[in-house]
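Naming follows writing order (A, B, C and D), and every chain is counted from residue 1.
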């Protein structure tokens, strides 16, 4: 066993953190198939490493903005699974009492400032969180997460330029999972290196293997330090893969033969488990990461399912101050 | 005299072409100050070389889309000054019978597909003209003209990417006159090289001295050839200066001391006149370019002023087919 | 030659699009996931295979998509653009309002924009606030844009064809909850109708109910419930919202003397207000105050039971209709 | 302590902004050309000098500007964003409707967006179609957004303050033709009023005229003309459009029995329809059918005489009012 016990423990912690997301997403899928959850849900299976690694570099005062594919980011930010599941299950214990739902919930008390179901629209909002930091002395860093496809939405360019022009502390994370819904990103751009768009705006940009936790961490830690020190925005293009459909029921006919099989080998949970095994970590310790995560999520789901449904008589509340 | 007579004649023709624009703009300013023209007008004084050089490379089937600062582009495209002035003067002989006005007129019969008063909004439309060419066998090249400030409007990035992804024959011309209204572009971007944004999208891009007709021509001729041959879009960032206010009445307090004086030396009409003189061309020939242009514009203005005002009873026409 | 086939609403739209592409060589069809995958709702399935590069996918760039439609339309194409959700049109409304709606008028008819935007709207259980709005009223306040809203398979087929054939920019607002419904008999291949008109879904004496969109189904259920009590109502489904058949509404209200307008869109500032205003402006004497039902002026929550508390349900429509019919102007001599 | 000063409307807005920046340290003010140049209409002149980097210029990126306001507002700032023309808001309406309007509701009150958008709208002679629209009705159909429309210097001052102090996202719609008008006495430094309410500009017996925005001036001229014939009308200027003081309208109409609504926005689908609908829904008995005047459902041409033929002018308002007053329900026994 070549690695130090500390390093191994850290990596087991990462594996567990990723499993918490995976277990939650699988539970969401089950609940959706049982129609206990209704409506569209977008799972992040296969992309967990980016959320886990990125959030491990964030401080409590930092503000993260995700997309509709945001369950994993919420978990990584520390939002309790019970309250996430309750939200999807329309329970009063949901993080937003059922108003947000799977695709548009938030939990600002955990630095999770919300999913967004308009592609690209969260980027300008994140810029605003960083703009506020210019005045409030919080040292807050804002993180805007979006997909490859969102790069083609004007809002994202506007947000990046706004942050660049004013040197605002925003980290733009592009989760490049190769697809925008059912369409390959490479068919929708002439230059597949999306990070160059940030560079052209004067934003330091890197491309990393999103399945490699340490690459994401390094990029994040530099970006957070830079933003917190007032040196402005950064851009991280993290290559990844979603190993489930865009939505539940997606027939995934757009995938070339063999792609998913290859993805299943490199996806971050399989990869880290394999790496740990190679490093001599016992199967039991590895499996326990999954088991603990599944247990926790099972309990969270039971609790959420036992929680009261939101009360329709409150439907008009919170529209105005 | 080192230049061939042919070359000299071509350059005198350019000078005359630029003077036609300048004379029109100055007439517009006079009519505006007399309140014969009402409302906001945006003049292109100092930027004439780009329109003249670019349009000299276009064919009749090509489609040009300008901004509110579009009088010069219309003239360069061959729209008769009388009908332009009549449009601004709300005459029935105006290119759009007074409906368009200074900031939003078009004359498609001359390949001038319109000004646009929403910053950046003409770029997607130009893309559509090129998209149509994919099916109609016209070989049409579309030209989208916009300012430096427009680069920060999401529509422009979306349009450029759309054209790049599909290899559409659009030439994006960014007239970088250093200001967006009253604000220096360099205060609003982190990277002043705007052309890099196009490069990042996979679009071949050049930066040229817009005051140099031959630089603009060369860039245009390559771009037109490339677009017409189905090799996709190009981007030309042409550096220029507006030697008048953004609008009439603009106090221009944003200009650093001495800037305008320096601009008056490099602006394309003064520059070309000086070059011709240096090349040994007589003052008379040079002056005649201006005189002929002013004569033509005076006549056009008299005609337009004598033309009937648009008839208010037609106000409801042309809303629907 | 017309032919009756069994289609659900999604299939009917697909058939209409296929016919447009077949018979109007100038049509092109595009949108996010519209080409190769055949659309997230499967509406354009098979069309790229059949019509090649006239059917294609686009980047997630609604502004570019719509602007390109304006430009292509002015050069003889007849673009049919899918905006996946009407909520997303708000990132690009400029291209609809300031560009498409303007070109014909501002150019004195020299440039035209015969384009069709197909989109869909409305709440479905669990949908989030950004995927639930009914925004037709925004477009109906914009001179220069035609708007229609099919609900049945037949209308879905007919209206898409009329919209595409129409020389004005036209927005067809569909509803995703209807696409995969039961197959009904749809006559395809018939004459392409001009735009405009309404559908009279019920004949009655005691009130006029004006409605549009998927909520019409609830309205019909509500009206049918009242029939048990001998109360009947005209139900006019306004499949075309611009042009709007105000005269059909007037003609009915003149007879029944009572009016209820039902839409899923927010009540305040909704197009129901226009319907009511036109009727009362006409001087038509009403036997009871007119009423409107719509979303109870709120954002739309994801939890289905919350959304259901805000959007008119069958029972609420029925009781509102009962009240309209039961009401008599106090102190009104007529 | 309140103080009376002489200001034109532009000056009044400037004074209000200065007071916001002075008294509410969490305010920030930005927009295109707003900082160093002091705004294209000079409204923010001197403020950057005085308040430093809390007042700044932005790129031409309305989506980024508005989104940044949503984000900054949720972190304790109180952004005041200038959108130069309301027409330009259409490139970024998503940020107003899908983002700003949603956050409080969707987050169950955990995230709020106390931001103010200052913009201006309307036609001015020679303005093009893309710089002339009156779009308040679009916002008034969106639950979650407050909207007001000042006309006088005093209201310009007061409403900006109320909007900025308000915890909801609020749009203040000004009118550029009013900024540089004559100076009037404006009381500054007084109490900041809560949002809502109307202004009764005339008292009369024969009709109620409801109006808002710069066209109110024409309405007042029209009403004053009729006074020569002994015809008088209540004129209610609805400076707040959301919340809208429907009860004030009702109270007046109950007394006068006649209603005319005048706005510069397009008639069809305009908010005038809502005003009319609310009145008739209330069961108030009218002596004549209500009427609405607005832009005659058109794009807006640049030629001033064409625009004038489409937008209500004083004479037209006067004659419409005469007709409302002169009309009696034929066959109506009351």
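Keep in mind that, in the parts below, contacts are C-beta pairs under 8 Å (C-beta built on N, C-alpha and C of every residue); 3 or more make two chains touch, one makes a residue touch a chain.
All figures in this text were calculated on a predicted structure; none of them were measured in a lab.
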Shortest chain-hopping distance from chain A out to chain C: 1
Taking each chain's C-alpha mean as its centre, the one farthest from chain C: B
Whole-Å gap separating chain C and chain D, where each centre is the average of the chain's CA atoms: 30
Inter-chain centre distance, chain B versus chain D - centres from mean C-alpha coordinates, in Å: 36
Separation of mean Cα positions, chain B and chain A [Å, integer]: 46
Separation of mean Cα positions, chain C and chain B [Å, integer]: 41
Multi-partner residues of chain B (each touching 2 or more other chains): 97, 99-100, 104, 116, 118, 121, 152-155, 158, 161-162, 165, 187-189, 319
Contacts with 2+ other chains: residues of chain D: 58-59, 61, 63-64, 87-88, 90-91, 94, 98, 102, 105-106, 128-130, 143-144, 297-299, 301
Pairwise touch network: line, ring, star, complete, or other: complete
Chain B residues within the chain A interface of the complex: 152-158, 161-162, 164-165, 167, 187-191, 193, 196-197, 199-203, 232
Residues of chain C defined as touching chain B within the complex: 26, 28, 53-54, 56, 58-59, 61, 63-77, 79, 94-95, 98-99, 102-112, 114, 143-144, 146, 166-168
Residue ranges of chain A in contact with chain D within the complex: 63, 65, 96-97, 99-100, 104-109, 113-114, 116, 118, 121, 123-136, 138, 140, 142, 154-155, 158-159, 161-162, 165-166, 317-321
Partner chain B, residues of chain D touching it in the complex: 32-33, 36-37, 40, 57-64, 87-88, 90-91, 124-131, 296-299, 301-310
Complex interface listing, chain C residues touching chain D: 63, 87-88, 90-94, 97-98, 101-102, 105-106, 128-130, 133, 137-138, 140-144, 265-266, 268-274, 276-277, 280-283, 285-286, 289-292, 295, 297-299, 301, 327, 329-334
